[in-house]
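Just below sit the structures, each encoded as structure tokens.
Shared chain: chain A. Partners: chain B in the first complex, chain C in the second.
What follows is the complex of A and B.
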């Protein structure tokens, strides 16, 4: 039987890893749920941001928080540009999968051309820092990531529910024609949301640069699990994405501690199937 | 094997050795430049996808070797042209591309791709067309059942038995030999194959295997695994890792304020592990490192210099030649020796020549007359010391002043 310390440590590790799932899922969930666009290039944008953070940090000694100040607005602009293409060519939900997959491939190749396929690691003195609470170790960066993901998820949730723009976006997602009849300019709001989604990818990318070693092909590493998170958390629900990320992260981690680590992906996708079949009211 | 080596055989071996050593050692200026229609050699590498980090090393090694061969006499006096395609790290793509290389591009010869799965895919196509295929990275030799498939790396035919014993010999030489170990491995077939061998051999030699853990290839979070390792607290951690997984395991352990006492990594990314703050004393297998006595082998210092130059130009962060790049060098050396030795571009004659002759490669003298066309295993152990890989075992291969360090 695993000890209580092992289980507790695995739970902490899983919940914090789930923070990254939630952060990555946030932008994807918004564009899928409210714009009906499945943006696969979200992962490539996050990695582009990660490589830019690495480049600025390694070659120009810019601290990651300052890099984020540059990168996040740049990503927002990229989101706007991307949405202009969706808008111009009237891309629907299904076509968005194909088009954004192409974007992702183009970005992957571009990243490889500039940074090569070799591994890149942004070494910082704080990347593996942790502090002790009782018998448990809490990694500092992952904790900050979780807090940032929490603030963004709560902020976005409140924005969607309490502000006129947020309510208008939700109304347009329900029925664009009726919303337009009430004066909602869905097109303009869609640009805003696209930009926000890409900006969230930029924030996730900054953390990826600090936590992970970068390689272009790793763009696809989180794809499966983040899709599961988005679906479990309900499309367009930022808080749902965060909680689902933590739920999957924790269940994977507990499976690794109690069963064989190889069972982790089985557990997360089984959870997805169970929740889809169960369809609980509270979700 | 030895009783087959009659006088006629010794002569052939000596002829092969003399021919390849001569080609490597003699200055280029005394040879005529190749001319005429190029000999097209087709091959794929995983230039994109999850194996791309290693493929770029193989690509550079190939470029160096094609240039070297053309500075010499090419193949039978004709220049060599390498038709390289990107298999995207996907075996199905590798299979289609080898089909294309042979039937559409009409290449004269082929070179094997990198990694077990693409090699197996390419080997099937090679077998269908009777082509010789030389590869340097098939981790499960018993799967190389095609009679014209040859290994360019001295894995030996049973690395699941030979590898673990070299590692265990090295561990046993420490002042405090490990009594317990944890075997942690990726489920990637060649890593899992070696991990099972490690577990079996360790148990046979009385080392207690506290845990045998498998994780899915591409695992994202090693936090829980690290917690299990820390709790088990083994004397020796053996990690059947690929690429960055070793770094991820060690980083996760550090976050728990734990450093393994002795740790071995199967197929890590050599640069990132050597340069990692957690990499100190990490052990790994090798066949060659850019140090003595290897640099004294014919041509090695020159190739190492060219590799550094090209890798720097290609913007690679780790520019030192290692066993990976050497594998591709060996692959070209074998093909060159076999073409020139057999005096033919005919696959049947090339295969027959390779089975009868030894080839002097960057790894030393290799033979191909054992099970699955493998020869002797010549695995070495290297260790990260002061951010550099140094060969530490067997002792006779360690550079002066370098010794295995244990916990």
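What follows is the complex of A and C.
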């Protein structure tokens, strides 16, 4: 059994690393829960944003927060464009899975053509910064990521609960026809939400560039975990997605410390399967 | 027309069907060179056939069918290394193990809605992948299971370098299992499955034991997938973690969608098209194969998606 300090450190790093899962899950959960579209290209968009951040940062020396100002609106536009296709062809849940899977493949190929399949690393001095609280180290970048994810999740949650637009969106997700009868313009709202989801992918991408080493095939590495996070956090619930992300991050990290690193990836899906067994209507 | 008569009519053999198999077996006499590819096609066809049994006939969509394929592959590999080099024994054991796994996981998969199911199938495959990775003492982990020496088929035919024996072996297995599948889907059992796919509630009201039927067909499909995995392991004398990866589940789904689910030959046609395209397009640059595949899928899903989604109850 590892020492208490090691366990505590594992817990802290896990929760902070889980912020990334939560951030990625946020946009996915919104489009899946409220639009009934499963958006696999979310990951590809996030990586595209990460590569753009890397490109602007390394070759043009643009600081990541400035490039985010450019990239996030661009991603919003891509979200709109993607939804235009869905809207045009009246895509349902399962077809959306297939189509966005293809979009992801095409984006992966595009990334590979431009940046090649080599590993890329965006070197910044803040990627290794950390401070000490008691016996524990806290990485600054991951902490910022968690704060951003927290603000976004909380803001989105409030937006969905309190504002007219948010309420209309939830009503339309519940029953589009009845909502339309009450004057909810579901189509416009769907565009807004798709754009937002893609913009969140852009924000996640900025952090991916700073934290991870980039390679085109990495697009698929988080697919399983983030899907599990989306479902455990319940579809369409931004705060749930964030908490589920941190929960999974923490359990993975603890599993890594207590058992062995090889068992960490099993944790998320075992948790998901247990939840679905316990309550099959969880989705 | 009575149900029986319509079943008999649909189960009748027609000449194009016979022609397909005559050609497939005729390719055995091709000069050496293409048999390795043909072997891969036969294996993918069997795998797609297994997916067709649940997708096309029972309306269960799976994102993790590689779970059974991989289990079969590892079972065959370990049998060969530790028990007996005889390929047929390995094939039988792998098939049975995969069927048992199918029975076991059907308890998970049959709960909840379509989407729950999708995630659970994906999850089972991912968990198996990680378990195989973690048990590297047995599976070789990321290095793969090496040192398989597969014995001669039926004690007489050695697996050669050109893959002719391999193709003959895989094709025969495919043919036999295809005949069995054909018989099954044209039976009353198959008819009740289709009733479930179209309208689960109504089928239950008509007295079809819905859950029992779904469990049975899921286990059957798992067994087929396990057999396909075993064939791959034995004919290539190697098993890597790749047999359990998401990409493999996606590939087989694509192959089946290309060929069309729900008529048994869809998996076969899809496997041929998929592998031949892959072989030609990736000869230049592997990325372009992926690109065309992606583009093709978009078009298929947008324009011709009724072919798939008519089948999946929504």
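List of remarks:
One rule holds for everything that comes next: the second predicted complex is superposed on the first by the 278 of 283 C-alpha atoms of A that agree within 3 Å, B and C clash if a C-alpha of one lies under 4 Å from a C-alpha of the other, contacts with A are read in each partner's own complex, and residues count from 1 in each chain.
Methods note: a residue touches a chain if its C-beta (ideal position, glycine included) is under 8 Å from a C-beta of that chain, and two chains touch if they have at least 3 such contacts.
Quick caveat, the model's predicted, so the values are computed rather than measured.
With chain A as the common reference, the superposed partners chain B and chain C clash. Of the two partner chains, chain B is the only one touched by A:256; chain C is not.
When the two structures are aligned on the shared chain, A:265 is found in touch with chain B and with chain C. Judged by the touch definition given at the top, the superposed model places A:273 against chain C, while chain B stays out of reach.
Residue contacts after overlaying the shared chain place A:17 against chain B, while chain C stays out of touching range. Contact with neither chain B nor chain C is seen for A:75 once the two complexes are overlaid on the shared chain.
Legend: residue contacts after superposition of the two complexes on their common chain; A:109 is shown touching both chain B and chain C. Common to the chain B-facing and chain C-facing surfaces of chain A are residues 108-109, 112, 260, 262, 265.
For chain C in complex with chain A, the touching residues are 61, 108, 111-116, 118-120, 122-124, 126-127, 130-131, 133-134, 136, 246-247, 250, 257, 287-288, 290-291, 293-295, 297-298, 301-302, 305, 308-309, 312, 314.
Interface of chain B with chain A (complex): residues 47-50, 52-53, 55-56, 89, 187, 213-216, 218-221, 223-228, 231, 243-244, 247-248, 251-252, 254-257, 269, 271-272, 275-278, 314-318.
Every residue of chain A that touches chain C in the complex is listed here, in rising order: 85, 89, 91-95, 97-99, 101-106, 108-109, 112-113, 220, 223-224, 227-228, 231, 260, 262-263, 265-266, 269-270, 272-273, 276-277, 280-283.
The touching residues of chain A, counted against chain B in their complex, run 2-3, 5-6, 9-10, 12-14, 16-17, 108-109, 112, 115-121, 123, 127-130, 132, 137, 139, 213, 215-218, 221-222, 225, 249, 252-254, 256-257, 260-262, 264-265.
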